[in-house]
Amino acid sequence: MTSFETRVFRLSMAGPSDVSPLSQLFDAGQLEPAHVVAVIGKTEGNGGVNDFTRGYFTQSLMLLLARQLGITPDEAMLRVPCVLSGGTEGVLSPHMTIFARVPAAQRASAPALAIGIAFADPVPAEAVGRMAQLEVTARAVEVAIGEAGLGVDEVEFVQVKAPGLTSARIQEARERGADVVTADTNRAMALSRSAAALGAALTLGDVSRARLTDSAIGDDMTLFSSRVSVSSGIEITRTEIIAFGNSLRWSGPLRIAHRPMADALDIGAIHATLDELGIPSFPAVAEADRGRIKAVLVKGMPDPKGTIRGFRHTMLDDTDINAQRHIRAALGGVASAIMGDGRIFVSGGAEHQGPDGGGLLAVIAEAR
Amino acid sequence: MTSFETRVFRLSMAGPSDVSPLSQLFDAGQLEPAHVVAVIGKTEGNGGVNDFTRGYFTQSLMLLLARQLGITPDEAMLRVPCVLSGGTEGVLSPHMTIFARVPAAQRASAPALAIGIAFADPVPAEAVGRMAQLEVTARAVEVAIGEAGLGVDEVEFVQVKAPGLTSARIQEARERGADVVTADTNRAMALSRSAAALGAALTLGDVSRARLTDSAIGDDMTLFSSRVSVSSGIEITRTEIIAFGNSLRWSGPLRIAHRPMADALDIGAIHATLDELGIPSFPAVAEADRGRIKAVLVKGMPDPKGTIRGFRHTMLDDTDINAQRHIRAALGGVASAIMGDGRIFVSGGAEHQGPDGGGLLAVIAEAR
Amino acid sequence: MTSFETRVFRLSMAGPSDVSPLSQLFDAGQLEPAHVVAVIGKTEGNGGVNDFTRGYFTQSLMLLLARQLGITPDEAMLRVPCVLSGGTEGVLSPHMTIFARVPAAQRASAPALAIGIAFADPVPAEAVGRMAQLEVTARAVEVAIGEAGLGVDEVEFVQVKAPGLTSARIQEARERGADVVTADTNRAMALSRSAAALGAALTLGDVSRARLTDSAIGDDMTLFSSRVSVSSGIEITRTEIIAFGNSLRWSGPLRIAHRPMADALDIGAIHATLDELGIPSFPAVAEADRGRIKAVLVKGMPDPKGTIRGFRHTMLDDTDINAQRHIRAALGGVASAIMGDGRIFVSGGAEHQGPDGGGLLAVIAEAR
Amino acid sequence: MTSFETRVFRLSMAGPSDVSPLSQLFDAGQLEPAHVVAVIGKTEGNGGVNDFTRGYFTQSLMLLLARQLGITPDEAMLRVPCVLSGGTEGVLSPHMTIFARVPAAQRASAPALAIGIAFADPVPAEAVGRMAQLEVTARAVEVAIGEAGLGVDEVEFVQVKAPGLTSARIQEARERGADVVTADTNRAMALSRSAAALGAALTLGDVSRARLTDSAIGDDMTLFSSRVSVSSGIEITRTEIIAFGNSLRWSGPLRIAHRPMADALDIGAIHATLDELGIPSFPAVAEADRGRIKAVLVKGMPDPKGTIRGFRHTMLDDTDINAQRHIRAALGGVASAIMGDGRIFVSGGAEHQGPDGGGLLAVIAEAR
């Protein structure tokens, strides 16, 4: 029986529409377009409601994939989930990470990186941030895990992209007589992340169904999973799922490890994750080892208490800079410094994703 | 012969006008108002031209000192330099660090933290960013070093606060027929930092006088000192200097150490500085040691090349968030994570302060 | 029986702490410090949660008043309401408007500008945005109207300053076991404005008590008054009221007129208000008439439908610039152009203040 | 001999990639794709260096045109200039204005709207903001005017899109040993606008060649044309020109009129321009006349003196919001209020475009 190997390519981008590094991989024969199963990227917008760099990149990527695969861009979008987080604050560097599934000659002797994907059905504006969105997400996560051939316990990390609301979508719902969860579009992004995170957590067995209600979403932060990261954005209307784990049914040198982060200063979690993968990291990853790291995925949040380890932060009271931009810059600073590389996926709303006030991280690397 | 000891109090602030923690130190008899020689603080404004938190704090502080010392607020301002950097992006926490000089019973057996201060003469708007400002700064740094009783080689760190320009000051100069170095007020802040940094570097012997010209200021980044940090702001018109070093002529358990930072990811410099002071720091400073750290002063800049270690950053192309805010958040993230404390003084314009594209840091702590 | 005259001084400010123009009025004998009854100002902060220009100006003003009146700054704050709106976006110009009540030799033959003030009792964080805040505001407005000697029908305009919430205040309430209306500090500012506006509207008879509930606050925009303008800010904890009207019991050449604005493009309302005061305004107020205008107070909001006259606006979806800043800039543009003067008080959250999606304006001028 | 008529379609957009309204015009047979000669649009980005909405719209538009015309997107870009200004601050509404040239049965009896286009040769990064860019722009403007069949005196308005610089382009130039005019990318946008404006002004005879030098660009504001509007952006590397005038050689009911604006409060210029076109406008354009207006193009700037009519503005000292965003919001507020429509093209850098501190406007409408 054939096995599969997950290959990962982390590519720098010169701008939100710059898919030329991927095009070059195709042209050089290093990657078959048909093997691409998912894309996770960090674009240089504000990461908020009006961040159009996500849509711009998606349009550019799907044009390339469509041309290469002989399908339409719309068909490409239904095939390859593209999870983007806007905002390369501070030292962060815009990049895309391409995940490919290629046939492997033989199974690995150690558990290897597994990947599975799924798309949830679209939800109307009034479902966003509520149980309806949670349920469709939970089902889609189940599909993705199944597609990866993973058991729930083998899942290390689930990346979700969930839809946001715009004023136009809210108005459209209201004209239908439907009631949206909030008219504040930034708040809607947070509630969408919350519902999706709890949906994934439900499937992973990290939260109990009995405690899940509309009012718990975005509110009861004792409910969380440290294996789920959700980004939201207005450029999609259906939820996209990418599930990762390590499995003996997969091949190749890559492995994924994850850790919860207790708070935004939890530098120990970063070092520990690298240690699990056999990568020395004090004071930073050595130049020779940097190439072994294929993806770093970080989730965090401005601590809602307004303090970190007892010291007041000002992220939540800032009317000039959105709190998510603040936290991405800070977490990006520490993760990039250790990795020696600014191409870190840092996403800034960690509701129900890792411990309250903290977050989580996952690293994909050539393990030793 | 009496010796002196430098005492340092790092106090959290609930807002830019919150001087109550200092007032409580006075009331509790833990600090004599007359012993206060300098204040360095981090307020929660934008750190830019229109950051009025610096002025608001200064007014609040000087009202308190004046009341305690039986002098006027204007007299207090002429006595105690107050160097503020606005911007507590990310995990940074607003705080003030109070430096006091108290008589000591006996000299220490090891070199101890020394401090000296000075004020430069006010300069007109047209001097900002030019040799005229550089020269007055150089002389004032000399005075501050002398006041600390330090030799030039014993100086570890010089903190400078330099004046900025507003549209009003520029217009005033133009009406006098004077020509300012730039009409861009953000650029004026950078050039003021540049001139002041080179002035200090000249006195410290870190640059050669022969290479200093108007056009080198803000331009020739091969000229720098790794012992100077400059903040600029529109709330002052004369330059303020605080010089630090370690000396056998001073007493007490505190010592200061500094390092250049090669770039914004130079986490090794932070660990090395702590190591020099005898503070273990992997993966982070242990809770028991955190109290030994009295001040962390970091300078950095968005690398003007537009890349860090070959990876593109987006700080300089961002029209929404000033580049200084980006870099402060990133550097604050890594320094705070190691220290376990967000009360880090991070200042974001490192022209001629440390290597180009990098910066520097200094730590004051109970050494062992 | 003596009568009173309201005198109004509109003074430009060089910065948030610049009270020198008022000091000069005092020194020149043009204004008795004891006659000052209220201040309304526009400072150059962001107008949001972390706008410290309001507090900085208040501190500076109260220091001046205290010195002039021989009282403490705290006593001055309990005597003179100081309603500030941060944010001088676009062509708006920072200024303070000083309202003084001076004895008048004789009554005017026509109704003249009347003014009355009041302070509401402080409310805890959990009252903000709820009926409890509404009720204390309603009572305070009644006091202010009574102090002005006005009947409810004579009231033309009520200016309110209402408290906001910070993360620290929210946390403090939670630690007491109290539940705040929202943990989003920008949202709290909006709900505080809402509760205060409905409180004033209740006293003015513009809304019916039967329809007022916690859930109507900030939600049911069919409830509004076109005679109330509320600013909120974290620098106060008790609500401040300034009531204006025209009355035969008052003297002097000034009069106030107001109009609702149907939407943010309602330029006709501005021209009509000026017309009521006998000031020709097409295409703009003539230079000779500009000095007759003593205060222009505008309230508006980004239309929550997301469109204005059917055309989409982007204010509510902007993660970079707060929607209030957008609308202040736009309304300030049109009002300033007609007046030929950027010293317009434009405040950006018009919940329950004028028609939904619109707002209101009031002008104080020498009428003819 | 055949004549031509200029048709103008102003289309609302639901987002930067929303070209569906144009697609519908094509599908409905109301517009031939081959007749489209130019597009001017207002997208909802920040209007600064990192505004990718301009590129996103351009990509989307060119995909549509290419599909309709049976050419490639790259060929479409070489055929149809697409001048975009980012930033729909305040009440401004995202829209695109499509200009089409269609054969007309007979010449008009009155001068009718004429249009001509041209593309300048690409310039390297080091030419931006200097005489080299000025010269190529001047030549391209000459071509566009000639293509419209206009005499220089018949030209009412020239719209220019000029290239900007990114950190990457600056670095690329430096690596070639070339010296760019500035490393500040926001400043580069201003200097690019300046050089292009003076180039157009030279061709129009509004400035004298003798006074044009590198150092005059962006500096000597006594040099200007009131018939030129320039936007700059990083999404193009060659300058695009659209020239407008009124001519008896053209047909149709449309006409263009323009006026300088003395300052940002010059509301009289707006009313006067509408009056010239026979559109009553006090207090605002009546609903019945709104449809006659096809395009409103406004240029303005934050007055570099820091004051408007003697009153201080704060646009140039704001580190949080770019000054161009401020002025667009203010000018958009007044123009939209008069027009009763937020679909105004307001562009915010008016260097050498209209009087210093002011700007200009042009209106295209069915004249009477």
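Note that the chains are named A, B, C and D in the order they appear, and that numbering of residues resets to 1 at the start of each chain.
Going forward, a contact is a pair of C-beta atoms (placed from the backbone, for glycine too) under 8 Å apart; a residue touches a chain by one contact, two chains touch by 3 or more.
Keep in mind it's a predicted model, so treat the numbers as computed, not measured.
Here A-D and B-D are compared, and the pair linked by more C-beta contacts is B-D.
Of all chains, the one whose Cα centroid sits at the greatest distance from that of chain D is B. Mean C-alpha positions place chain A and chain D at a centre distance of 40 Å.
Taking the mean of the C-alpha atoms as each chain's centre, chain B and chain D sit 45 Å apart. Along chain A, residues 14, 44, 46, 50, 168, 312, 314, 320 each make contact with two or more other chains. Remark: chain A residues 14-17, 44-45, 50, 52-53, 55-56, 59-60, 63, 168, 320 touch chain D in the complex. Touching chain C in their complex are the following residues of chain A: 46-51, 166-168, 170-171, 183-187, 234, 304-307, 312, 314, 316-320, 322. Within the complex, the chain D residues that touch chain C are 12-14, 44, 46, 88-95, 264-268, 270-272, 282-284, 308-309, 311-315, 320-321, 325-327, 329-334, 336-338, 340-343.
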